[in-house]
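Chain nomenclature is as follows: A, B, C, D, E and F, assigned in order of appearance, with residue numbering initiated at 1 for each chain independently.
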């Protein structure tokens, strides 16, 4: 498959290499250049590097896909990737919902900030793209999204959010060194034990998805790039 | 809470420090020394470092706990830890089952080898203990379990299993460097794309649980230590 | 100064934390939310964390600043940061021009791809922002810019550009391991010794600026974020 | 030699792969499964990956080997590995005794805890196996042994032992960063300068043996696995 | 070219391998052994691994080269390496002078200590050699030079110089973690914001040159080795 | 003690800081500057950071010390450091001799190259100083000594010596990844299994001494710095 993909994009690249001076400013930002269109089309069509045939959607999953189309305008590729096996897709969606959609002392933006900071640490293209867009969208602040997606230490966060991301990133890089003093640090800036669970669960969740998407080269839907700008 | 735990074990430690010569061989291996008993009792009672009150078990989860008692003799602490919120427990159990219990080209031992190698890389006490015991039990070979739990490169594996663990550990350490050539490496030793999914999904899953358990200091049930020896 | 900055932004953050559901889509993307406006205003005004008084611009530097205003609409903060000392500003600008603006076998996009990949490796907020925008603008392909700014391995590059970025990133991470075989690798995909100089010089240059900007918390002009989208 | 080893164990592995359900509990833990027997036999017979012919034992070394047989039931493979040259074996044994058997402010268990924590950091199969068994045996607490052999931070240690292992592991990972403040940290929890010497000497010693055994693939005698359980 | 170099030195190496006992002390330290002479001749003649033809020197650069010959007795190879393009050489020299030769609150020795500590961290043969010699020469203390060139933590520095090198090395290893607290640390030991700029600029500069010289295998002039001893 | 040392050297440092221009060339290289003299005197007098009282020398050790004085002009501080306990000193000397002085397929220079390359990797001031001097002395080539003490990859080594140092340094950095293929690599360039033992034993030995000397801040005798130049 890799070869097929190479062929499809040869022209794209050739064009890109010819661009030697500052590109004339595109007048209409919603119109993509041919290079960008080709790249976007690829990511939207080839969901991942594994050839796994989609199974028929269960009725619950058909409902989910329909909802995505209505609310986002597209079905996130992560759902499409899992759809070769309904049990796996439903298991994943159920767990994700329990991690990201229950009651929480963390705001939605904070949850997405953890997702993005962890994914940036792991240099995960799919997750930085999709969750970076969520930080931009939920905060109404595209610059905050860029900062978390590059180096969260460059963002001007309050002590609480900073401690939250420091914990999540330490847990990502050296989980074996996390100890009571780290939990105490979170409690001192106001997090409850219940909140600590959520920080751990979200950081853990994206350490998982980062690895699955990297392992199979899952491609983010091209729409994410423009969302929340 | 940390302080309470410290007090409870002071005597244990004092005794341990006095032991200056090779301990007289314990005649009956099923009888633990007082030091070991205290340590085991702790791990079996204090499930994690967060104070979260268990919720009433849903009927499905009550069935699961009963089944665990019957088959293992105990309920794994990971289930107890999640039981402060039935939605989270059910979400976790459902996803875990979809990852670890469906049809797979990987044998059960191989799945547990991935779990253990990933957890060893992350130096996760809970998961090395519980899944190392599974490798011992499923393979009938305690030495194999020890090898995977120390350095899988020390085990005498065939090319297929070795490539599988190399991939899982690379994905654990530097997920951002995993590429088509790594997937090709797996295909060359006989793994299908469907198998690659499972390797990725299992490696990802334990990169998640390793971090959750480290974040909250989840303690492995003491029974795991003796299983499969 | 740090304290002053903290006070200025408290309101911004409070607002961000309240956002608990998906933000209503902003109708006009050119209008920033109040949170974003505050953040952008800060970056555009407080150039860096060091208090150094700008010196009067020399006539050459005044010309440069005027040119920037005309072509970009703003003077890049890196120039403002150096402007406390005309000798240092002129030294920097002169060297930068000799590295980035002479004749080269590398296209402009390729030069900016090196700048961005190196800066991403070093998680440098200023340089990823400014040079990521250049990749987007020069290639006419915003997705390519995002890919290089997250993990260049996720971009679909030809062998030549891939080898170029592999070399630049290896040189960034472990310069002491770069050897003749690495140079041979570049020659094999078509780079001349003169090209290798440029790859080395550009990768070296951004390893320098990444560290200067991180050391002094240099803030990227807010306009970069929207350029080339 | 590597090939010969591969052939010998092919059957073992094939059997292991077939095990698809939880192994029926072995009734008699002293009876190994065929897989385990084959693996154990290998480690007990092939001491290392280098082909070096044993020299005739000097009388002192013959006494040592006899003593080992009497007290342990076997001669540790590390002694067999060195026995191709009596001067080297005697030099090693003499130094080891001076490090591990003299008067010390550290208890025997503490010495073995350092040995195990260092060896775990270096993921050394031989040394984790043999010294992990010593921690189990000397403390009478198999769980403590498992904790040190996985992640010493998971063990409930007093401040003194914790500082001791923190120092030993820092010295293992980044010796160049150890400074007066680290020594002061040991003094504060009660260690004398003489104790600090011992901690350093033991940590240093196992950083050596870890590397020798990894370099030559020294195999631990199979008996270690069952000791102290 | 690499092959040519190999052939030239074969004899040198053969001789070196024969040296089996402590070399008779050379009576006259200014006379090099044949092995050393061959090695020195190589480094003085083959400036780098890239084949780039020197351009005619501009009059300013001819003056610089003449000055070097007069003051040092040789033209540093770094200048020779850049001399294939006068614009690049002049750009480099101009920037270097602005970084290293302007007014500064740092003494010359301190500037060279930063250069050497950074280059040692990056294991850069050219820069450790040339700037280590400068530390020796400027301080009149060869031992200090050796210490900085091996591990600056081994030198007995005052708090100010120690903080300066800690900052420079942290900036070298993990620039993304440098923050306000690090700058505050420098201010506390007496550095002004202007001094912090210089520390950052010098550390940045050598992170650049280290990478350029490693990328092209730039060889230090042999004279550096003896200077300041 | 640390404080006492600080006081003793204050003047030294103050003087060093005043040196603001290139030091006038010292006419007689054998005469040290006052700064250098103070530094050297310290290292020669204060052997280590631990206060351990020397024990009376056994007759064998008295002979060794006398021999050192005769052949080197001084007793290496490593021997003085161990001399608080004759059993430990004799154990160390005996083992060292068995590693470094027996028959070997490695030349003396090669043995010292391993010692120096390993010590440089570990940034060990004592060992780089003492063994770097041995490489200079034994090879008659001070430049080779500098190269190994900075980055052995910068030295122009033959394939055999290069493979030897690659193995030793890999064993130093990531011993857990060393495998049969690494040993095969050594065999391919001509090393016997007996030679591999020596490479492993020497690399292991210096991984030990590097850590002991770092742990106790052992200072190299000042004479080493001038030897073999």
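The criterion applied here is as follows: a residue touches a chain if its C-beta (ideal position, glycine included) is under 8 Å from a C-beta of that chain, and two chains touch if they have at least 3 such contacts.
Please read all numbers here as calculations on a predicted model, not as lab measurements.
Contacts with chain E and chain F are shared by C, D.
Here the chain-to-chain distance from chain A to chain D, counted in touching steps, is 1. In terms of residue-numbered contacts, E-F and B-D present the same interface, as over half of their contact pairs agree; the other options in B-C, A-D or B-D do not. When every chain is reduced to the mean of its CA atoms, the largest separation from chain E belongs to B.
Because chain B and chain D carry the same sequence, their contact can be compared by residue number, and over half of the numbers here are used by both. Seen as a C-alpha superposition, chain D sits on chain E after a turn of 120°, to the nearest 5.
With centres defined by CA atoms alone, the chain at the far end from chain D is C.
Computed centre separation for the pair chain B/chain E is 50 angstrom, with centres defined by C-alpha atoms.
A straight line joining the Cα centres of chain A and chain B is 28 Å long. Chain geometry summary: the mean Cα position of chain A and that of chain E are 44 Å apart. Annotation for chain F: residues 123-124, 151, 176, 179, 217 touch two or more other chains. Screening every pair of chains for touch gives A-B, A-C, A-D, A-E, B-C, B-D, B-F, C-E, C-F, D-E, D-F, E-F.
The touching residues of chain E, when paired with chain D in their complex, are 151, 153. In the complex of the two chains, the chain F residues touching chain B come out as 176-177, 179. Interface residues of chain D, counted against chain B in their complex, comprise 5-6, 9-10, 12-13, 16-23, 25-26, 29, 32-36, 39-40, 42-43, 71, 107-110, 120, 123-125, 128-129, 137-144, 146-147, 149-151, 154, 156-158, 161, 217, 222, 225-226, 228-229. Listed in rising order, the residues of chain A touching chain B in the complex are 2, 49-52, 84-85, 87-88, 90-92, 94-99, 102, 122-124, 167, 171-172, 175-176, 178-180, 183, 193-194, 196-197, 199-201, 203-205, 207-212, 214-217.
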